[in-house]
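What follows is subunit A paired twice: with subunit B in the first complex and subunit C in the second.
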Partner chain A sequence: MNRFSPYSFGLAVLVVILLALLPLYGSPYTVILVTSIIMYAALTVSWVMFSGPTGNVSLAPAAFMGMGIYTAASLGKFLPLPLVIVVGAAASLLLALLVGALTLRLKGLYFSIFTFGLVLLLRQLVLWYEVTFTHTRGRFVVVIDNTTIFYVMLAIFVVLLVTAYLLRRSKYGAALEAIGEDEEAAAHAGVNVTAIKTIIFGVSALFMGATGAIMATKWTYIDPYIAFDPFFSFMPVLMAVFGGMATFVGPIIGAAVFGLLEELLLTQFPFYYMLMFGIILVVAITYLPNGLTGLVMKWKKGGRTANHANP
Partner chain B sequence: MIVAILDVVVAGLLLGGIYALISVGLSLQYGVARVFNVAHGEFMMLGALSTWTLNQAFGMNPIFAMAICGPIAFVIGYVLHRTLFKRLRRISPSIGAFEGSSMLASFGLLFIIQNVANLIWGTQTKAYTFMTYPVSIFGALFAANRLVTLAFAVAFGIVFYLFLARTRLGKAIRAAAQDPSTAALMGVNINQVLALCFGFGALMAGLGGLLVSMSYPMQTTMGLEYTIITIIVVALGGMGSIPGSFIGGFSLGLIGSIVTKIEPGLSLAAYYLLFMLLLWIKPTGIMGK
Partner chain C sequence: MRILEGKKLTKFFGGLAAVSEVDFDVDHGEIVGLIGPNGAGKTTLFNLISGAIIPDSGALEFKGQKLTGLKAHLVCRAGVARTFQSVRVFPNMTALGNVSLGGVFGKGMSSAAAAAAAEELLDFVGLAGAASTRAGDLTLAHQKRLEVARALATRPEVMLLDEVIAGLNLTEAGEVMDLITRIRDRGITILMIEHVMKAIMSICNRIIVLHHGEKIAEGSPAEITSNETVIKIYLGK
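After this line comes the complex of A and B, so read on.
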């Protein structure tokens, strides 16, 4: 899946055009729903950008998204929207470079735990700061109309897809792939392992920060518990595991399925929704090691080898 | 002044006893069974809330509740390993892949257990009273229940240490921790031993939760914070080392108690800083090889 065939490229462009016209023919409700699905797709695709090839499970998405959310909450009144998004993305990038340089040398599991702890740490630090210095708990965010949010979110997502595609085909993508296969061998072959990992970790965080900055405007009020919600760290992992990580379509399918389920269930049956979330995670890991798209590919491949006989 | 210092130190040791006990459990699950069980704190929560229910419904003394909650926690852990983690072990191409997928599966368990608990108990904070009369230690006053908690935590730790050091099964567990495939060649039923370890881990967490419930209020979301603390304790003490878990647990309890005295809003930040420093200086932990 290193190359798009002209067909899938054409299909991708068609889908983007159809989405871009959505506010003209869809109801306001549909626009909001699709915005939230694109948000999850953006989080998942940027998560897969780093964690897919390396196999290092990052549980930091909520931390990077939270950085974007807090940037929007604290600067939204003073700066125009595009600048807020750029600052939010830059803040996430900086945090990711710092965390990456510190922890990407760690063994896989410690990295996961460390990134997860980061979410809880930032939550506690921001809460402590707000209570001690600003004497408030939360902040109000400047409200923007839903159509604008939709277009900005879509634009971020398209830029992300193009970046992820180019990155995967570039020498950096190849280096990251090699690191995932065998870190030591990659280092011996002349790959600067920590630098490559840190940079791509940073790029993936940049898009999570941008996503957080625009989505914050939808929520009107935020506090550290809303902004740094570990749930946003798990969703991308679940969506990627469920959809499969080998293609760009897998994470997007995962995001669409869970985005819809969330819309249907979360407000009315929150406990059942989260319970189902856990069950699907366990089942997907146990029975679908390569996700839904992996299953489809295996099925296709199985059909093909059957034609050739004697494998 | 001396009383104030004693206050902080003894409070830290009391907290540290619980940290140590639950960390022995995680250390066993990760050190031997290689499952980084992020749902560890959820077993604590189950232990705590079940004890509350037994206490409210039948007026049962929490010390007797151990005889009910302990075995149930053990069986849940044992069955989980025999079904879920055994299968993951079989389909994983390498031990690294198994560690990754079993951690993700345990995140799934976290959501399952927490929300089943939400459906059963609801989200309100719960508490019961047990031995709340004060006891004086060199002038500093402590509730008797905290001392009972500490005594049981230490006793469980010692019993389990003796079990590992002196019995045949303990020897098999230690062998499996060092080299599972060689242990299997020497006639150790490896799946059985790993499942037992996972069960013992759940047992420790369940009993830890029960002890916590004697002196602290509880709710269904209490697990995650304990999980994070446990992970830090295990990293501090060294994976798979029971003395390490006790040293780590008591040090973290002390540090937590000191930081809480100075700036209560930053206790987790202090733990986290310690974790970061440790991973940098000695990633294998104090007692690690």
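After this line comes the complex of A and C, so read on.
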């Protein structure tokens, strides 16, 4: 709940400006790579918005992202891009509110399993619909140039960051934190637990849907297996844990490092990529329980105590 | 003036009646004690009143209005706050954050107003210096007071205190008893569960005794101490 110092705020603005100018000085390859890193960061920050404070591990990101992807694939031909993204986000929001109202009473593992089931359910549902009614599988997505995708993704990410930051500092952020610590005690202190959980779950899904809607245009062809890929459910969890959830920037750093690492391993060691990725993950979780940012904070603290020890 | 009333409250857990046809009433400004052996249904009765669970039958009224079936947060906003038998503060939030939350959500105050009110309440319960301390780092005695402050922050008219004295040493217990009377002096009616008989007898106006989910006696402390059924149950004759 720390306030941003003017220093960190300035740094954030600087990073956003540098990113915004990237297509001017970066290669097309860099632009595509950074777009996918921002996508990961957006998914992770959205995920942390709900699952961070409550400790309820949602495995639904792929479902919400898939809603956005399919919206873009279905409506891309008929509607202008901004509207497609708004519809994709709204579809995700609606799904999350519906699912949230039904299932946010579930605790711990049960909630995680249900949310994961949602991904598989939607995938099968869309597949069944296509096979039965349209007699096709998958569809082509209207292609948009990479620079536009990059800017739209960046814009969504900036709106998301501002939302997440304001939410975290608002009374709803405090309520969500209290719910995470002791749901029953929060209810008896006057917090409408179901409403707050459902709404914040919805807001987090909204951004996942928007992310899916814009990223779909990058993939030209999608089918239910691509759109509702469980990979997108696990990545935000891993990135948040890897970066550390104690601070606001932790998940972003986690997503950035993870995204770069993935690209590096994938291009340099295409055959051992998954193996190395797995090893790094195991090491990170074993030795960095509080993630990368936790490590940095520990160093800082260690440095300070050392100073005290040497008068 | 009657402020809280329960009529034939009943709650079954499985086939067992945890609370069975219990009638009770509490008048404005009273301190009423709720006693009984372990498993008598005291905490279940508190859970029924505070909306944590819904009675199978019977009715609850608060200031003449129906309270039965309201969810916990609405019971709290209506003006009935509670504390828990095993302390339940928000351990990773500051003491001030714990109390502010009650003001913001229980009473609908702005964050700034709630923080100011929380400062005053921390002072009132004797935790003035602990505002920025993480709640989980406080001693048990202080966590209990913090819970009381959080409940007070919702500006209740009735407070349900579940064993706030149990587990404290003699000095701490005396301080909390003093705190309870000071809360009453603020015009808040108190219904309290307590095993520490000395405390109950000295501060309660009236005592209700539960046993196996049923109300077996009710009266002034003097009447209760001389009640034969109560003596039988407590002394195990």
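Just so we're on the same page, the second predicted complex is superposed on the first by the 277 of 311 C-alpha atoms of A that agree within 3 Å, B and C clash if a C-alpha of one lies under 4 Å from a C-alpha of the other, contacts with A are read in each partner's own complex, and residues count from 1 in each chain.
Rule of thumb we're sticking to: a contact is a pair of C-beta atoms (placed from the backbone, for glycine too) under 8 Å apart; a residue touches a chain by one contact, two chains touch by 3 or more.
It should be emphasised that the depicted structure is a prediction, and the values quoted were computed from it without experimental measurement.
Undergrad: Under the stated touch criterion, which partner chain does A:Gly55 make contact with: subunit B (first), subunit C (second), both, or neither?
TA: first
Undergrad: Tell me which partner A:Leu106 touches in the superposition: subunit B (first), subunit C (second), both or neither.
TA: It touches subunit B, and subunit C stays clear.
Undergrad: Per the contact definition in the header, classify A:Leu98: touching subunit B only (first), subunit C only (second), both, or neither.
TA: neither
Undergrad: In the superposed arrangement, does A:Leu11 touch subunit B (first), subunit C (second), both or neither?
TA: Neither subunit B nor subunit C is touched by A:Leu11.
Undergrad: If you tally the residues of subunit A touched by each partner, is the higher count for subunit B or for subunit C?
TA: Residues of subunit A touched, subunit B against subunit C: more for B.
Undergrad: Just subunit B (first), just subunit C (second), both, or neither: which does A:Val237 touch?
TA: Touch status of A:Val237: first partner only.
Undergrad: So in the superposed three-chain picture, is A:Phe277 touching just subunit B, just subunit C, both, or none of them (first/second/both/neither)?
TA: The first partner, subunit B, only.
Undergrad: Considering only touches as defined above, state whether A:Val159 meets subunit B (first), subunit C (second), both or neither.
TA: Touch status of A:Val159: no partner.
Undergrad: Tell me which partner A:Leu83 touches in the superposition: subunit B (first), subunit C (second), both or neither.
TA: neither
Undergrad: So which positions on subunit A get touched by both subunit B and subunit C?
TA: none
Undergrad: What residues on subunit A touch subunit B, complex-wise?
TA: Where subunit A meets subunit B, its residues are 55, 57, 102-103, 106-110, 112-114, 116-117, 120-121, 124-125, 127-128, 131-132, 230, 234, 237, 241, 271-272, 274-275, 277-282, 285-286, 289.
Undergrad: Quick one: in the complex, what on subunit A touches subunit C?
TA: 1, 171, 174-175, 177-178, 181-182, 184-193
Undergrad: Show me the residue ranges of subunit B that touch subunit A in the complex, using the header's touch definition.
TA: The touching residues are 36, 84, 87-88, 91, 96-97, 99-101, 103-105, 107-116, 118-119, 224-225, 228, 231, 235, 263, 265-266, 268-269, 272, 275-276, 279, 283.
Undergrad: So in the complex, which bits of subunit C are touching subunit A?
TA: Residues 50, 52, 71-73, 75-77, 81-82, 84, 88-93, 97, 100-102, 104-107, 111, 150-151, 153-154.
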